[in-house]
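Common to both upcoming complexes is chain A, partnered first by chain B, then by chain C.
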Partner chain A sequence: MKTPTLVCPYSRPLLDRIAGYAMVVRVDRFADISRAADEVRSAGKTLQCVLVESEMPLNAIDFQKDWQGIPIALSVPAMGAFREIADRVRQLADLKVHVYLPAAKRENLTASRMLASLDVTCCLVFDSAPPHWEALADLMTYALFGSNPHAPVEPFNYLAEHYRAGADIDWGAVYFDDSAEFLHLDADGRVALSWRELCCGAFIAEDISLLGDPSENALYRNSLNTRRALFLNGHPCIACEGWKVCLGRFGADGKHRPGCAASAADLLGELEHYRNQQLERA
Partner chain B sequence: MANLLLTTRCVRSCPYCFAKNEMAASDPADTVSWENIIYLADFLIQSNDFHLALLGGEPTLHPQFVDIARYLLERKFHITVFTSGVMSDERLDEIERHILTIPPDKIQFVCNLNHPEQTPAPARETEKIHRFLTALGPWTTPGFNIYRTDFQLDFIFDYIARFGLQRLLRLGLSSPIARQNNLFIRNDDMKTVIDRIYGFRELFEKFRVVPNLDCGFPLCRFSDEQIGWFYRMSGSVNFGCGPAIDIKPNMEVYSCFPLSNIHKKSLFEFNSIQEVAAFYTDLHEQLRQDIPGAFEACAACVLRSEGRCSGGGVCHILREFTDENADAGMPL
Partner chain C sequence: MKTIIFKATDICNSNCIYCHAVRKNQSVKTMPLEILERFFERINAFLTERPEETLKIIWHGGEPLTLGPDYFYKALAFKDAHCRETGPRISFDMQSNLTLFSKEYVDVLQKMGIKNFGTSFELLPGVRGSGGKTGSDSYNRQFIRALSLLEEEGFSWGIIYVVTKLALNRPIELFRTLTNFVPSTSVMFNPVTFLKDKPGQVAITPEEFVDFLGEIFTEWWPKRERYPGVDPFKSLVDNLLGVSEALLCTDSGRCADTHLCVSPDGTAWQCGRSSDWDLMRHGSIVESPLADILNHPQREALRKRPAVLKEGDCSGCRFWGICHGGCPLDALAETGSILHKSPWCWTKKGFIEKYLEPATGITYRPAESPAQEPARASEDEKSLPRARPRPRMFPAAAGGSGEPPWIGPIPGMDDVLMVSGILQQIVEKNPSRRFKLVNKAGYRDILSGHPAIAEIGLPPRTIDPVPLDYGGNGAPSSCQERAYQVLAERLGLETPAAETLFVPFKFEDDPYLMKFIPWKARNIIICPNCETPRKQMNTLIWEKLSQKLIEAGFGVMQLAGMKSGHVRGVYSLQGLIHVRQVISVIRHFDLVITTHNLFMQIARLHKIPAVVLWGPTDHRFFGYQGHHHLQSRRTCPSPEGCIGRRAGHIPAAACPMGDSHCMNRFEVETIYQAAQEALNR
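This part shows the complex of A and B:
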């Protein structure tokens, strides 16, 4: 395993203890974005991104000039009325802000397309509620084949870049949630394989200094087998045509079938088409 | 410049309306989706065309009218909104807050005005138009549709002065709708209409208002003196008729409202707006092969064959064709 990137809360004592890792810093307040970025960078560490989650819609957020040059993953429940952000959308596009929107709300699929068409990178977040599958498929087509240049719509852009025929693609990296690349720390420096596991206290090491080589860690290795367990248990997803590009992110509990299965299969087809198109162009 | 119908609903019922056939045939709930707006914006940008007119029905009835306008402006479009000026106070407030920050060279409104006595409207409607013009005068060009030969224009000059409207008056001829009966200016009345517009020249000159003739005015019905005056006032005079390119909320496309009954296509069938224009220009040419113009003299007319006049509107030509073949039951 390559050296993971650490996703950790903004805590000066914790940041001081970490060395040798690239970092994603989670902040609770907008005012901490530039402060956290300054502290990480001034300590000579690599800042991959600052994460911030807002309960306010995008149009209610005051984008700051000092965010310039800081990669920011901004999670919001919705965009809100476009009229309220129209004057600032150019500023948003110039900042390195990626806007994360819940895919379950149909208006967020539309908002993603609008923002992407205005050069703002967007990322859909899939949770337990199903998206409007037809609108999602439509957005997927726009993201991959839209006639005009536009900003990436994730995870489709990531999938297009990483698609290899026949191979599984884990797009968790879009959410800093792929244990092959990211480990999550709490304020005490305890290490978890994912945000979800961090929240429920499932740690693989009591301190980052005790982690050693993650690939030697038994809990880490077990986590890699989680998906295999689905197959051993005869989970409905094992027969899904789109599994390779879904890997359960569209709903591994099987509640959203057949919508999720059809959508994943569509996605697989579109990725194949996209790859062929790229090959033809090359 | 293409025209996008944001909705097919309208708040007025003008006696001359040449869109009512299209409006009546549409679902009133039919409003353009964001997906289609973004598709159209991409389509036009790919076509290197950055002008778009927003129509209806009444375009401000679209619940997201302000958002749509602001989005298109952010995509670098120049927008013309064709409105009746009749809208809710809430919508007008939204426009004032979010559109009036944009200079008039980026977005303008064409407000179609009816004479208060010749085409009377309820007092509340007139009140709303006045509020709209009070708020948006500098962004607004008045428009007037001519559907009777005794039309009055003096009230428009009063409006221009009172509300500070742009000093350009868009004059449209109410057109016949193919296969339908509606109030329109007949070919025999064209000269009367032109003479009447010319009769208001003192007001045009006094208020320094430019007369802007819409499509379908036949060159031969103007005297040389009239042509000279129109040219002097506006710098160019239009005697043509070409596809306007109207796009419905569902991306159906047709040449213009009066021809909305025939040769509807889907915008998705085309790769550029130039392709759409070429398709409908070709259609116009085909129609003109059978009947060159709206008047008998058009067949031998040098000005028409040299392209300086289109021989009236295609809608008038179709009207002739329909009348001629009505008994024979010939399909268009």
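This part shows the complex of A and C:
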């Protein structure tokens, strides 16, 4: 396992204890974004991103000039009224802000397209509610094949970059949710393999200093088999045509079928088409 | 290269229901170290006498990992001690169920140069493992634990799936599940085989296996790039196309010279299966050198088998070159003699004839040279003819069933409806005719589902598609002076052909879109977009024209791709609807005003009046009767036009004449008058 990036809350004492890892810092307030970034960078550490979740829609957020140059993952429930953000979109595009929107709301799919067309990178977040599959397919086509310039729409951009025929693609890294790349810390320095496990209190080490080599950790090792274990219990996703590009993220509980299955198969086809197009251009 | 199936142990930690080993419960279950040492002495002697020969040793069993890491270290030590000079010509592989794999094996396996494991996996309960569903659950959990460790240590693995009766009714589900399970999609489907006493709940017939493979092949073939490692399909197709000449031991007709098996007590056998079935025992490595074992009289009989079969059971079979009568052990099990063909030969012949050829259009023709005869063994194998002439892929004749040819449209969408119309005419005349279309941007959106198109994608690197252009080298000399006729001739349609256009879908209206468009009593669509700037008219001229039309009471809408600028004052549908909706919605307009582009073709498709503005291309070559053509006068250094046949300019580059290029010489009034005339016609 390569050295993981740590996703940790903004806590000065915690930041001081961490050395040798790239960091994603989670802040609770917009005011902490630049402060957290300054502290990490001034300590000579690598800041991969500042992560902030807001309950306010994007239009209600006041983008700060001092966010300039800071990679920010901004999670919002919606874009809000476009007219209220229209004159600030240029500012948003100039900042390194990636806007995370829940895919379950259809208007967020439209918002992603609008924002991407205005050079703002967007990322769809898939959770327990299914998205509107047809609208999602449209957005996917736009993200991969839209001929007019636009910013990336994740996870499609990530998938297009990493697609290889026959290989599994885990796009959890888009959400800092891939235990091969990211480990999550709480304020006390306890280490979990994912945000979800952090929230459940399922830690693989009681302190970052006790982590050692994660690949030797029994819980980490078990986590590697989680996806394969689906094959042993007859999970409905295992025979899905689109499994290799979905890996259960569209509907890990199998409840979204057959919408998610058709959508994942479409996505696989689009990625192949995209790859062929790239080869043709090359 | 010779392959030794090395069964150093008969012990296995699994009890698979399809295990066909009849030679069980032997007194020597694991090869004693003195025999192991003798084995490497024999190998060294054999390789020393043959400086060009190489040997692959496949650790097999039983389950080889029951031997423990120390056993492998000892084997390596023996090899190092006895094969100092010949060691580099020895390689190792392993076939294992992996359930006992642990970190302790990593070092020694790496030292043996093993990078890849052949293994097996079964989803169906109760098939693999210690027995029963519980046994298979626990077995599979051990298996997936081992896989993650294996991958972490940098080893790769592929699966051999043994097809039993339990699997026959779910081929697609199994295919998808297995290819999803294996990261590289390296999956091989093999039929379960038995020497005798075929258990009814497990055994299958060759016919059943062919149908099982056939269902999967139908799914695999169009998506084969997605599943690159699936066998027997990939090997077979590569073989038929001449990409590879490698044949499995069962099909090569040369196994007497290529394979050997050694079991724990040192007994030498023809191969791994012969050891399992207690057949074709060829002495012992304890008593005889390898050279003597390879010259055993039973092997001599085996070497004669191809000549016997070619004149007998397999006489006249066109698949001889890729089958050679199949595995002699299957023949022995079924008929009592190796001098018959294998009953499983149907899995080649039946599969190819029933599924592969109809699905792919590839027709296998045997090579006619006698060189395809498998080489007889001799001490100097290099002197024998080994190469097998490549079978050829035969393109379809007019009504044939050969591989559909690849056709490559030129960039841009101007010709897509013409190509579609020509292909439709061809398939109407010859319903079995098919083409493969090189995927160009936009073509797939319109032409998917076309009855003449078998595939849209990228051709293999070895195939040059037929270019659908209008000139240059190779242009037909007898073509009619019309774009449609040139393309028709290129595609093999008899010319002059009716200039009909076609789309492979029904026109449908999106009710929301139809309500959304601000219709007026008479409606005109303007289409300024062109793939090349040389065919584009300045947007300001479009604006003035539109203004005049709007003032005259027309509804004016703009519809094109995203490349053209917005014409102010008109209602724009640019980029809002899919190209199929574009094609459908245009039929509701009264007039199309366009440059030379796809929309001119759509107007023709719907038989709608059109005013077409021509500059660098010639309406006499590309245009349609019934449209109102306005051809600009060219004052540039290319009076014959700068695009199209023999023009030699780069269409993507803007005209060096700038704003004064030919397309900007149109008067608004002229276009307006032409529009009025077209509407009143």
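Everything that follows uses one rule, which is that the second predicted complex is superposed on the first by the 282 of 282 C-alpha atoms of A that agree within 3 Å, B and C clash if a C-alpha of one lies under 4 Å from a C-alpha of the other, contacts with A are read in each partner's own complex, and residues count from 1 in each chain.
We take it that a contact is a pair of C-beta atoms (placed from the backbone, for glycine too) under 8 Å apart; a residue touches a chain by one contact, two chains touch by 3 or more.
All values derive from a computational prediction rather than experimental measurement.
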Clash or fit, chain B versus chain C on superposed chain A: clash
Touching partner for A:S147 - first (chain B), second (chain C), both, neither: both
Residue contacts on chain A - larger count, chain B or chain C: C
Partner chain in contact with A:I238 - chain B first, chain C second, else both or neither: second
First, second, both or neither for A:R83, with chain B first and chain C second: first
Clash with chain B (superposed arrangement) - responsible stretch of chain C out of 8-16, 44-52, 188-196 or 548-556: 548-556
Chain B and chain C contact sites that coincide on chain A, given as residue numbers: 147-148
Chain C residues touching chain A - in the complex, by the definition given at the top: 123, 137, 140-141, 144-145, 147-149, 152, 172-173, 176-177, 179-181, 183-185, 225-229, 438-441, 444, 457-458, 561-563, 575
Contact set on chain B toward chain A in their complex: 34-35, 38, 41-43, 45-46, 64, 66-67, 70-71, 73-75, 94, 97-98, 101
Chain C partner contacts - residues on chain A that touch it in the complex: 1, 145, 147-148, 165-168, 215, 221, 224-225, 228-229, 231-232, 234, 238-241, 243-244, 268, 272-273, 276-277, 279-280
Touching residues (chain side chain A, partner chain B) in the complex: 81-83, 86-87, 89-90, 110, 113-114, 117-118, 135, 138, 142, 146-148
